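In the two assemblies presented below, chain A is common to both, partnered first by chain B and then by chain C.
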Partner chain A sequence: MEFAGLVNDIQASAIGEWMRSSLKAMPVVEATHVLAATMVFGTVLIVDLRLLGIPNATRAFTRISDELLRLTWWAFGLAVVTGSLMFAANANTYVINTAFRLKMLALLAAGINMAIFQGATLRGVGGWDVGVAPPRAARLAGLLSILLWVTVIMLARWIGFTKGYNFVVPDDPNIKFDF
Partner chain B sequence: MAEFAAWLHATAVSQTIQSVGWIVPLVQCIHILMIGIVFVSSLMIALRVLGRMRADEPFELVWLRFAPWMWRALLVMAITGVVLIVGEPGREFGATSFWVKMVLLVVALLVTLRLGRAPASAAARPLAVGLIVLWIGVIFLGRAIAYDVEVWQSLSSHT
Partner chain C sequence: MEMKKKAGLFQVAASLALVAGVAATAPAIAHHSFALYNMEQTLMFTGVVTRVNPDANHLQIFFAPMNEERKNVQRGEDGKPVIWAVEMTGSAQAAADGISVGTFPPGTIFSVGLHPLRSGEKAGARVNPGSIYKCPEKKPPAPGMQCDSVEGHVTIGGGQLPGAAPAR
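Right after this comes the complex of A and B.
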C-alpha cells in the first residue's frame, strides 16, 4: 500500500532517526508542542467566548479576533512543526493509533467549522460586531470551536498513554553523560 | 523527602489514583487546558503592560477581564496538580524539573500580584517580559518532568 510505504519512509528518514536517537530532541520538541497547544487553546477560547457573549459584547468582535488570531496562527504553525517532528519519530505507530486518528479528525472538524464561520457567518459581522449578541450561527461556531479544541487536546494527551513503541527500547541503555 | 514520597505512595488515595487507569490521563488533560487559560490570561495582562495588546483600553479593564479567569484556572490547575503529585509522588519529588518549576511558579504569581497593583511603575515593563518568560519556563519544565535525566543529566535528582 502506497500510504503505508510513505509512513514507513517518514519514520526511516534522517529526521525521524534524529528524533529517536537524540537525548534532548524529544523533551524539547514535546515541551514546545505543549506550549504551542496551550497558546492555541487560550487565544481561540477568548475569541470563541466573545462569540458566546462572554464576558460581554462591548469590545468589537473583529478587533478581538484580529489581535488574537495572529497569535493563534503563530502558535498553530509551531504546533504543526513540532507535531510533525514527533510524528516522524514514530510514524508507523501513530497512524494505527485510534486516539491519533480521532485527533486528526477533530482537527479537521475544527478547521471546517472555522472555514464556514470565516467564509459565511462572518460576512454579516457589520450587523453584530459590537454591542449586540452575535447571531445563532456565530454562537454555534464559537461553542463548536471550544468543544472541538478541548477534544483535540484530550485526544492528544490520550495518544501518550496508548501508543506504545514499535521500535526496541534497549533494556540497559547504559547512558553516559560526559562533559 | 524520599520517605514522604514513599508514605504518600502507599496511601489509599494514591493507590486509587495509580490503579484507576483513566484518572491520571484525564486529570492531565484538565491540567493542560487550565494552563492554556492561565498562560494566555497572563500573556494578555503582560502584553497590555507593554502596550502591545488592547492599548486602547485602560489597564484596569484588561486586568478585570483576565485576572479572574487566571486565578480560577490557577486554582483548578493547582488541584489537578496535587492529584498528579499524590498519584506519582516519587516521579514528581524526584525530578529536578519539578522543583525548579515550583520556584518559577511562585515567582510568576508574585510578579502577577505586583503587576496588578502597580502596572505603571518603572519596573512594570521588565516584570511583564519576565512574567511571559516565567510561564514559558513553567510549561517547559512541566513536560520535562518526564525526561529529568535527559534534560538535567548530572543535575537530575533521579538516581
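Right after this comes the complex of A and C.
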C-alpha cells in the first residue's frame, strides 16, 4: 500500500474518528501527551546535565541514569501512544506539515544520539562514573541530547501554529465542478 | 468593628468568586480574538467541498465557490478552480453539530456565510450564529439561490442563512 493511502486509512480509522468527534478525547489525550513529554524531558535533562558535570560529579552517573531512565521509558511510551492518537485524528494534515516532519526527524536524531551513547560511550563508564568529569564524547552526547529534546518541544508547539491553509485541490473523482 | 471585618471578608470572597467565574467562562466564549477577521463584512457562498481539515482547534472546510448561474465553479486566470476556506469551532464540537469529514465529503455542495480574513487570503470565519445548508448530492440550487432553496437540503446549526451581500 502506498504511503498516502496508509495515512488516509489511519485518519479514516475508528480511533481517528473517535479522536475527532469526542468532545473529551482530544483535551484529555493532549494533556496526557504534554505531561508525558514533560516527564521525558525532565528526567532526560537531569541525566544530561550530570554528563555535563552539573551540578557536580559526586553522585555516580549510573545511579542517576538507572533511577531516572526507567521513568523516561515509561513516559516515552505514554507519549508515543497519546501522540499516535492525536496523529490519527488528522493524519492527512500532520503528514504534510513541515514542523511535524522536522519534529519526527529531531526525535530520530535524539534516538540515534542515545543509541550511540548507550552502545559505545557508556561502555567505559567505570572510569568516570563518580568523582571525575565524564569524557568529551559523553559530554557531547549530553549536550546534543538537551539541544535535540528542546528542538522536539519547540517544533511540537510550532505544529499548532503552522497548519495554515491547504488550498490544493485533491485528485478526487468525487469532486465535480461543472453541473 | 467585628461587623466591619466580616463585611470586608465577604467583599473579598465575592470579588474572588467573580474573578473565578469570569475566568471559568471566558475561554468557553472565545479563546482568542477575532481581530484577524473582518467581522463587519459577511460573504455568502455556495460551493463545492474540496477537502475538510478536521483540526482539533478549528475545523476548516475548503471549497470552490460556484458562479451566480450555479452551473460551474469560479475559476482563476489559469483555469483552475478558485478555492476558499471557512473555519469554525474545533472538530469535536463541529462533529456534534453535524459537520465532519464524513458528513462533508469532497464534492458536497453547501451554502455558508463567512467573515473574511483582513489579510485578503481566501478564508474566513463561519458566521455564528448562522446556518450551513447542504444541498442534496450533486444538486446545486437555481441561479442566484442557496442550498436552502433546494428540496431535500440538510440544515446545520438551526436558524437562517446569515444576512449577507453580495450573494455568490
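Keep this in mind: the second predicted complex is superposed on the first by the 162 of 179 C-alpha atoms of A that agree within 3 Å, B and C clash if a C-alpha of one lies under 4 Å from a C-alpha of the other, contacts with A are read in each partner's own complex, and residues count from 1 in each chain.
Just so we're on the same page, contacts are C-beta pairs under 8 Å (C-beta built on N, C-alpha and C of every residue); 3 or more make two chains touch, one makes a residue touch a chain.
Because the structure is a prediction, the values reported are computed rather than measured.
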Message: With both complexes superposed on chain A, which partner does A:S21 reach: first (chain B), second (chain C), both or neither?
response: second
Query: Does chain B (first) or chain C (second) touch A:T62, or do both, or does neither?
result: neither
- prompt: Once the shared chain is lined up, is A:E30 touching chain B (first), chain C (second), both, or neither of them?
  reply: both
Partner chain(s) touched by A:K163 [first = chain B, second = chain C, both, neither]: second
- request: Classify the contacts of A:T93 with the two partner chains as first (chain B alone), second (chain C alone), both, or neither.
  value: second
Query: Just which bits of chain A does chain B share with chain C as contact spots?
result: 23, 26, 30, 160, 175, 177, 179
Task: Report the residues of chain A in contact with chain B in the complex, numbered from low to high.
output: 23-24, 26-27, 30-32, 34-35, 37-43, 45-46, 55, 59, 67, 71, 150, 153-154, 157-158, 160-161, 175, 177, 179
- request: Spell out the residues on chain B that touch chain A in their complex, using ranges where they run on.
  value: 24-26, 28-29, 32-33, 35-37, 39-41, 43-44, 53-54, 57, 65, 136, 139-140, 142-144, 146-147, 149-151, 153-154
Statement: Per the touch rule, the chain C residues reaching chain A in their complex are 48-51, 53-57, 60, 62, 64, 70-73, 80-81, 83, 85, 90-93, 95-96, 100-102, 105-107, 121-123, 138, 140
Query: What part of chain A is in contact with chain C in the complex they form?
result: 11-12, 17, 20-23, 25-26, 30, 86, 89-90, 92-93, 160, 163, 165-167, 169-170, 172, 174-179
